[in-house]
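Next up: some structures, all given as structure tokens.
Two complexes are shown next, each including subunit A; its partner changes from subunit B in the first to subunit C in the second.
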Partner chain A sequence: MVDAQTSWHPIAAADDLPLRHVFHGQLLGRELAVWRADDNFVNVWENRCLHRGVRLSIGTNNGMELTCRYHGWRYSNRSAGCTYIPAHPADAPARTISNRTFPAVERYGLVWSGETPEGDVPTVGVLEEGSPFTLRSLPVNASAEVTFDELRFHTFQPCGAHDHTNATPIISIDQLDDRSIVLTSTSDDLRSTVVFFVQPVDAGRSVIRPVLSHTPDQHEQIVIWRHHALMLASTVARAERVFADQPDPPPMVAAIDEVPVDLRTLPDPSTNRQAPLRVQVSRKWSTATGVAAFELTSIGAPLPAFQPGAHIDVHLSKGLIRQYSLTNGPGETAHYRIGVKLEPDSRGGSELMHQSVREGDVLAISEPRNNFPLRRDSLKTILIAGGIGVTPLLAMAQALHSMDLEFELHYFAQSEDHLAFGEVRDLVAASVTTHLALSPSQTAAAIEEIVRSPQPTHQLYVCGPGPMLESTRTIAARAGWADESIHFEYFKNTTRRDDSSTFEIALARSATTLQVPSGTSILQVLRANDVALPSSCEQGACGTCVVSVIDGDIDHQDVHLNETERAAGDQIMTCVSRATSPRLVLDL
Partner chain B sequence: MNAVPDGRCTNAAILNQWHPLVAVDEVLVDEHREATLLGEKLTYTARPDGQILVWRSADSEAVELPIEVDYLCVWVCLGSPPDGLFEISEFRESDRRNVHAGTIGVHVSAPRAVENFLDMGHFPYVHTNILGVEPHTEVAEYEVHIDPQTNDVWATECVFYQPIAATTSTEGQMSDYLYRVPHPYCVILYKTTPMHDERMDVIALFCRPVSADHIQAHMFLSLLDPDNSEAAIRRFQQTIFGQDKPILENQHPKLLPLDPRAETPIRADKVAIAYRRWLSDMGVTYGVIPVGAT
Partner chain C sequence: MITLYDYELSANCYKQRLLMSLLDIAYESIPVDFFPGLEHKSEAFKKINPMGHIPVIDDDGFVLWDAHAILVYLAAKYDPSNRWYPTSNPELLGETASWLLFAEGTTNTASAARLFVNLGYDFDIDACRAGAHRLFRQLDEHLWFREREGRDWVCSAPHPTIADVALFPDVILSEEGGVSRLDYPALRRWTERVKALDGFATMPGIFPLGTS
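Up next is the complex of A and B:
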């Protein structure tokens, strides 16, 4: 007997997964939520939301994500990573919250899965050669073993002989192994072969899943379907009688994984500034003048979930690391899609991406990180993009669109040819306004018009070149937008930075004091002393290396924090900012 | 789903509590009725003089169990009865409508039901267009403390946007909430009312633990609502609870896990985290999966 835990089992018929449905399955005592995404990927997940244990099979499949019925937590197609927690709309789910997934393969009109299946889904010769026709599955109140035993005595008429109810066909067992039995029925010159698979639901229940080796003519199908359902009903009844007379087997208990420790504690910072993922450039194309688009497909493990606004670090040769925002829509998890603008004054990154990276190349990237989270509890969201700054906003636009939330995307560019990702914009076309070939003063006038009437229930997201961000910030503030309603993402920090000061830092939690000499950043000093801290852009733009400040005066040199956050004086970007007081106490 | 054994309760922390058996209205003179509490069948009746009697059905002597009659319910203790029941002073105010809004059976443990009652995050999803509506989904920071005198768990400064907060609502409002847990299986909510600035409506859930994973939930209200009929108040409350019931019955496991690693809490669950710890500290093992039990 093979080990049921490491075997593949049928868990559903392919047509149990119609558009946007969530099927409640069970295998070896474990409940499963099974759903097909719009990209045809079949998800087999533990049937339990990680938050409060509610069955995901009562959730909603929107084609890209599964939403829990209880608190609206959204889980991504493929990775089952949590992408949104509505109770805290201002936060990206900072920790990796992922539901347990199981593999899925469709074969012979059935969906196959398993606890930890080894090898490939077993093939059955007669089905490989023929054109399999999936018959009706029947549930049985008996263990898989008893059901399987009784199937050896199962009988049915060959196709074409279904009205010969009195004729006794000859049944031969063509093949018998641990999980399938192949029976051929012969009557006069008629012959039909059916393969029976048995799904072990739990200790006392199973499902017979029969597959006919050939697809009958359309007009015969319903008769054949009915005949097999009828004949199986008596085999089911027999198996149930046999099982009822046996002592109860011990129940099958499927262990639920504990929540990983890191969901209770702070994430381990040492894993940052690493590139744990390997992706292949599956497609590279020119999406606008000077902008190359890349589709990155995982090698091996599925890509981790991301949220709109997230970026990845791409590690290039010569030690260059660049950040690129994902433009993907929700649940679009088969690949990551980024856009790279060729910068004339490039420090080498965009040039490498444009000229050296080709389709088929393998790149090392970080997991997606989100320092530009999108609130989804506002009545209206205004997205303002300048040039390549459109990339994170495209991801946001698709997320808002999929939730039917009101938004406007204003896209400023030099010309029609400079507008990137037309195919993505088409998905949200009704909400997109383009502003082309405007001078700086015309741009400012257009932005003034867009942000004219601030509302406390509206949010503003801006991404684009530095001067445009600065002017938008100023115009919006003047129009009366609150600091916390304006969200920015800088690509880079173009302000002049001064690293001439010297000061000391005290790490409150580790009771350590370190000197920061001129010319060296706090981040570098921390790293040199084995204090690991995540970082990304290392120029004060992305916000990844933020640390809480307990005491001391901060010399902010970043462009990530807004005025209110700066004034609060309780956080510092350790890659560029410094101290104006002799001592800074950090919450490390 | 693994069956939870339906045995009798041996947990002193639960046995030595008052538990709500039935609504007073359901106790009829000279009529014997049965109800199960903590896995034991009890019989109750009222004498012609109005005195209510409760005894174990299996007890041929029919020895009377200690009872309290308060908040429109009959409360019984199967162990050593504590001094009196927790106090809801609003119940004794003369201008209040005190309503027993119904008893609903739910196939879930009492602590799961209490935790659901303490939860604001589900309003837009489970009570859509009544107690919440998308996109107003944010659970703002609130405070949690344990009263050192009474040992009640309190959540204060809770605020949530509600389209129809009560039967007296005519428009959406930011509702202010206070939650109080005075008993392992009972929870009280104090809520802004559209009619008054200072005083609050009181809505309480008293769970009768039928077994470790079955309850009969009593809904008790003490309202500042002179206008709506009792039927309308009951209907509103039963609509709300009717929306919670299928969610509760789809929670796995049915017993509340007290180990923080069993589920994934977020900041909005602060009061639930405090409630789970409080149950642990109190030695509650019935209706829960104690830390280290698996």
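Up next is the complex of A and C:
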């Protein structure tokens, strides 16, 4: 007796998963939402939204993501990570919001999955040697055991003899295990072999999934399908009669898993610039003058979910850590794709990426973080990119495009040859405007034109070099854009920073007071005292190390917070910002 | 102008609203307090339909009741393409009639189970559900073979007929009556094809196709 929990089972026919459909399945008492993404990946998920438990099988498959019917939570192809929560449009969903997934393998025209299947999907000799032809599956109101027992008495005519209803074929049986059986029907000189797999749906239901060992000629197929459907119907009826006379078996209850360890544990406080993921450079190419593109493919586990605007830290030799935005579209989860511009005054990072990193190399990277989340509740979104700043905006453009939301992407670059990721831009071509070879004053004039008529229902996202961001900030403010409608992402913080002050920080929740000497950041002091805090760029650009401030005056030295956020005085970028008051009370 | 004596939550009234929406026929809906008022059993209403049930239409003085009969009338009269009720194609017309009879079965089982659950009707619920599953199993097999023949609809035509309109509400609302469609994948795919039709209309309990 094999353990059903650790076995592979067929759960659907491959053609039960047509384009943009969500199949409603069940295995061992657990309901499943099964859907095929446009990249042909088959997703097998627990059939309930993490939010309100609504069945995802009534959700919408847009080829990249599955959206719940109830409140529109979106879950990504492959990872099942939540990418967007409409009720919280300004926030990036937490990494922990990730649906339970089950493995999927397509074989013999069937989709195989299991609770915790061990090893590979079992191979069946007659199907490996033949040309498998999937027959129609039949649901049975009987346990898998009863159904399987009745299949021993199943009979059918070999192909070519389906009109010989009076002839009695000889059936030989070869049992593979307690849920699959091979029956060979012989009549005169005709012979056909069918493998029957039994899917345990729940305690009182099962599905017979038959596969003929050889694909018949096209013109015979309908007749053969019909013959097997007819013959199986009487076996199904027999199994249902036998089962109805038996006492009811105990129900199968699918265990609801605890949150996986990697989602529920806190990061190690000793180092918060972790690179838990190992990826292989599966492709490296030049996508524009001075810009190298990298496709990073997971080694082992699937890559964690990401949202448009997210970046990863890439850990390079010599202790260099660099942030690169993901350019991926929604559901494009087989790899991460980044673009790296060779900086003439490179401090080593972009030079290493350009010159030393090759296809096949393994890189250590962080999980994606999103400090540049995209709202999807605006009537129109304006994306303004300067040079390599196009990368997070390309991800946003694809997400907006997939949801049919109105947007424009303005891409400023030195020349046609400096435009990166043409193949991605082509996907959203109708909404892209390029602005080439403009002087700073011409750029300012063009931006002025773009942001000319601010609307409370519009949002502006800007990513590019510092001076362009600063001038856009000024122009947009002058045009009347509210701070909360404009979102900036800086590559780096080029402002001159002053770390000469000394002050003390009080950690309100920990009832601890620490001294911050000059020349040392709040983040460094916290780290030295084993306080866990994530960080990424460590120069006040990315926003990862933000902490809430309860009391005290902040000396903002970052470029992440906007004027309104600075004036509110309730958050601080601990990697660069300091205090002007002698004491700062932090919500830690 | 067509008047429909209508109850928003009735699957049979929805069949008329769906067809008129698909055919782009203008009509006026007169709400009947089917539940809890039992207005369709009132003397006043029996002057309109002596049988005391809905839907009923009044097309400029021509009064007709019985859900599937109204579908026949509306399609025969108002569908210039002659596809929904193909009076000029005897074979297809026969098929359509056959599936309309089948739809009487789904109404008396799947939709009856829904009345039991939602409105407390006194039916043998186990018999209703078992009957619905028996018919859904047949319909699922039928539609599976249709897909193999390259056909999307209940009848053998390359376009839907009123048979699809008659069956769709009983099928799509079945879960309200406790009849799951989990075992019927071809039936589930067909409901999505119906939802994708131009002019498709929803009712409470029926989602439109998702877009993005």
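Assume the second predicted complex is superposed on the first by the 569 of 588 C-alpha atoms of A that agree within 3 Å, B and C clash if a C-alpha of one lies under 4 Å from a C-alpha of the other, contacts with A are read in each partner's own complex, and residues count from 1 in each chain.
Convention: contacts are C-beta pairs under 8 Å (C-beta built on N, C-alpha and C of every residue); 3 or more make two chains touch, one makes a residue touch a chain.
Predicted model, so just to flag it, every value in this text is computed and none were measured.
Contacts of A:251 after superposition: subunit B is touched, whereas subunit C is not reached.
Contacts of A:25 after superposition: subunit C is touched, whereas subunit B is not reached. In the superposition on chain A, A:222 makes contact with subunit C only, not with subunit B.
Look at A:52: by the touch rule set out above, it reaches subunit B but stays clear of subunit C. When both complexes are overlaid on chain A, the residue A:156 reaches neither subunit B nor subunit C.
Contacts of A:377 after superposition on the shared chain: subunit B is touched, whereas subunit C is not. Within the superposed three-chain model, A:86 lies in touch with subunit B and out of touch with subunit C [touch as defined at top]. Once the two complexes are overlaid on the shared chain, A:16 sits against subunit C while remaining clear of subunit B. Look at A:71: by the touch rule set out above, it reaches subunit B but stays clear of subunit C. In the superposition on the C-alpha atoms of chain A, the part of subunit A touched by subunit B in one complex and by subunit C in the other spans residues 31, 58, 69, 403. Interface residues of subunit B facing subunit A in the complex, by the touch rule stated above, are 1-2, 115, 120-122, 124-126, 134-139, 246-247, 250-253, 257, 259-268.
Residues 12-13, 16, 18, 21, 23-26, 31, 58-62, 67, 69, 136, 139, 205, 207, 221-222, 225-226, 229, 402-404 of subunit A touch subunit C in their complex.
Interface of subunit C with subunit A (complex): residues 137, 141, 144-145, 148-149, 181-185, 188-189, 192, 207, 209-212. Residue ranges on subunit A touching subunit B, taken from their complex, read 31, 47-48, 50-55, 58, 68-72, 85-90, 97, 251, 253, 256, 258-259, 261, 263-264, 376-379, 403, 405.
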